[in-house]
Amino acid sequence: MISKSKLHKLVHYSDHRAGKIFAFTIHILILISLFSFSLETLPNLTDTQYLILHMVETVIVILFTCEYLLRLYISKNKTSYIFSFYGLIDLLAILPFYLTSGVDLRTVRLFRLLRVLRIFKLLKYSKALQRFQRAFILVKEEMLLFGFVALITLYLAAVGIYYFEHAAQPEQFQSVFHSLWWALITLTTVGYGDMYPITAGGKLFTFIVLIIGLGIVAVPTGLIATALSQTRKEEQS
Amino acid sequence: MISKSKLHKLVHYSDHRAGKIFAFTIHILILISLFSFSLETLPNLTDTQYLILHMVETVIVILFTCEYLLRLYISKNKTSYIFSFYGLIDLLAILPFYLTSGVDLRTVRLFRLLRVLRIFKLLKYSKALQRFQRAFILVKEEMLLFGFVALITLYLAAVGIYYFEHAAQPEQFQSVFHSLWWALITLTTVGYGDMYPITAGGKLFTFIVLIIGLGIVAVPTGLIATALSQTRKEEQS
Amino acid sequence: MISKSKLHKLVHYSDHRAGKIFAFTIHILILISLFSFSLETLPNLTDTQYLILHMVETVIVILFTCEYLLRLYISKNKTSYIFSFYGLIDLLAILPFYLTSGVDLRTVRLFRLLRVLRIFKLLKYSKALQRFQRAFILVKEEMLLFGFVALITLYLAAVGIYYFEHAAQPEQFQSVFHSLWWALITLTTVGYGDMYPITAGGKLFTFIVLIIGLGIVAVPTGLIATALSQTRKEEQS
Amino acid sequence: MISKSKLHKLVHYSDHRAGKIFAFTIHILILISLFSFSLETLPNLTDTQYLILHMVETVIVILFTCEYLLRLYISKNKTSYIFSFYGLIDLLAILPFYLTSGVDLRTVRLFRLLRVLRIFKLLKYSKALQRFQRAFILVKEEMLLFGFVALITLYLAAVGIYYFEHAAQPEQFQSVFHSLWWALITLTTVGYGDMYPITAGGKLFTFIVLIIGLGIVAVPTGLIATALSQTRKEEQS
């Protein structure tokens, strides 16, 4: 029989072979879970296909349950594991299956997606993430400033376009809130084309808003990139 | 009774508790004012909802009036406060309410939005803003150059597409001014889809304009980001 | 009477008062010329408006002719001025007016737009432009490489989408050339919405193309920005 | 008669005149091949035009065959050339022509496009590419991290919008896979306008997704640019 300490090593350390296989299996299961979850949303599934997906789901939840029980068994302090961040996620991922089996509560099954966070845990030891965190701290103040100014810019752009376009397109620019959607889609340059100014004043206003606003919205991205480059240099020297 | 000097400290210094609460309250009031202003633009408001919004507005304007009188009371030079930048904004934010009460002049109420500038005042002491200002001075010349070249590019793109598309789409590309709208929406990559070339010549022209123009329009953003990074480095050393 | 050498100073040196006024007047005339050119393209102009625009045009061309004759008069070597770059532009800007007066040849009048290049001449002494030129030389090789790879990427994206979408949308994706338009509008993220894949294969292909292609198309802009920052630093030290 | 070693020099070294001409001719042929391939996809070609294109194709394939035989003749180890990467590409580019002559198998002719890779071979000695490779290695870890996080972001954005919009637009947001297409087109800011949220919840969700997601998707580009700048600096010092 395998000792508890050996199981502990298997689950928590991935620097030896068995540990690596264990971690790899869990992550593959999470990815399969995400994929089968997406497949279930497809319309016009045949009964056979739905049955297969349900079986896959059942197997995955059973495996996740085994993992949960294993983690519970090897933890020294049971309560602290149950109420830890990952402990709660692990529980939330399996609980809905047992409670709602038979009932079609898709929203509850959304909790299973939380297991995607387990993948982020993988990144905890990644050097790149640590560098990114240091870079983020470096530019935190500027990010906050630009984030705040960007929100004010979005708001003022929405109010402005509302005054220019409301009379000409009352259906499209119904209120400042509807105009905020336009401001977001325009200043991020997504430009769906569901709302756009048609008056000369509204177009001129958009001109000014884009000239000023694009910089404000796009600068934070450049900031992160240059900060990362600086962090990398400091690391090397 | 509270002394004048104590009130002065309350209003102008936010480094002690009472001052912080005062500044915080004012900023929250400004945000509530912005939000209620946006809510008023919603169509199909019931009478009750409109009444509530009007009451919120009245309360806010009264509080802003108190603040204005307080600031006037504590200022040593009354006239200099009244005609100062923030003094005028504070006045413009409340005056329309008293002058137009009863009359539905939405445009006049726009002045209340000017109070959003008070929030910008908050940023005056922010290190990030000072760094940003220094970075902007560093790249001012380049920004002017690129801004100017970008405007010329927009104009030439508009003239070009007008000659290619006017014959094929006289409704869309009516004049150089209508084409300028196309040039703006295309070169900022917003791309609403309300205007686009359909002739082979117009498409080829767009190809060339995008290859050359995207760089011109997008470089200024990158400039600010790298300048900020440089300013930050100089600060550290 | 004003001496020839004084006129020479007036036209060619803008570091004293008279020279500044002369240069400023010419640039304002060029801008008025651009603006009246754009106004003429407006549809539904009344006869009076058209007459005014024609008069403005006549006055501008007469002033440009005076300037041309003045430049010719003060130049030591007449032939070398006539066949110089700016000499030819100055001539092309006025010649069509005399040759086609009465005839409505809009295209010929396009030559007047060439005078916009005179504005670029202004920038010749600008420090920012010189820095930009040095930065461009610094990254010339990378720009060529990315420009070339970007063109190949556009081509391969067009061929790919043609094979995925031609059968489903023969009207939209008629040929590789039509698909090239899609590739350009997608990879520059303009996204007009006049052409987009509807098959699952085409969408998956777009996914891959965007993930790879966006970097290739967007990197050159970042290159110029970082190179400018480097050039500025070298200048300071 | 030309010796084998001379032919070897002709084909493999482009630092003397004859070698340069040989390499240049091959690349021009590849470009003509790409262009005639594209022309063939045009609809409504007349019989004469189709005949000319077929002739151009035949001539090009014959010339490519000569080149293949020449490369085979001069290589010391015949089998190693045949099964080398470029040997297989050269063969795949000509083989379909002989096998399917008469048969209209456009897809098979796609292999000829593989010859475009020969152009990439040209870049092998380019300093800019080497610098780019070093820059890429420098930021490989960050690229992987951001690439992975970007994929997760796309997936979660798709699941989220599916839950908000599926009820309101069952035709557009049919499944998580359909929503993934929306997530891709929105987060890359292409914004075709074929799918967009219409519910208030969906719009608010898009707001949050764009604010967070744009940075994640756009950072890798900035990373490459700053890394290239660093590599260039290290080279100079």
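We just call them A, B, C and D in the order they show up, numbering each chain from 1.
We take it that contacts are C-beta pairs under 8 Å (C-beta built on N, C-alpha and C of every residue); 3 or more make two chains touch, one makes a residue touch a chain.
These numbers come from a predicted model, not from an experiment.
Enquirer: Any idea what the CA-fit rotation angle from chain A to chain B is, to the nearest 5 degrees?
Expert: 90
Enquirer: Can you check which chain pair, A-C or C-D, has more C-beta pairs in contact?
Expert: Answer to which pair has more contacts is C-D.
Enquirer: List the interface residue numbers of chain B and of chain C, divide the shared ones by all numbers used, and answer same when the ratio is over half, different when under half.
Expert: different
Enquirer: Between chain C and chain D, what is the gap in Å from one C-alpha centre to the other?
Expert: Computed value for the inter-centroid distance: 30 Å.
Enquirer: Rounded to the nearest whole Å, what is the centre-to-centre distance of chain A and chain C, using the mean of the C-alpha atoms as each centre?
Expert: 43
Enquirer: Going by the touch rule set out above, which residues of chain C reach two or more other chains?
Expert: Residues 177, 189-193, 218, 221-222, 225-226, 229 of chain C each touch two or more of the other chains.
Enquirer: Which of the residues in chain B come into contact with chain C in the complex?
Expert: 138-139, 141-142, 144-145, 148, 152, 155-156, 158-159, 162-163, 166, 170, 174-177, 186, 189-193, 196, 200, 203, 206-207, 210-211, 214-215, 218-219, 221-223, 225-227, 229-230
Enquirer: Any idea which chain D residues touch chain C in the complex?
Expert: Checking each residue of chain D against chain C gives 34, 37-38, 41-43, 107, 110, 113, 116, 119-120, 123, 126-129, 131-132, 147, 181, 184-185, 188-194, 217-218, 220-222, 224-226, 228-229, 232-233.
Enquirer: Considering the complex alone, what residue numbers of chain C touch chain A?
Expert: 189-193, 222, 225
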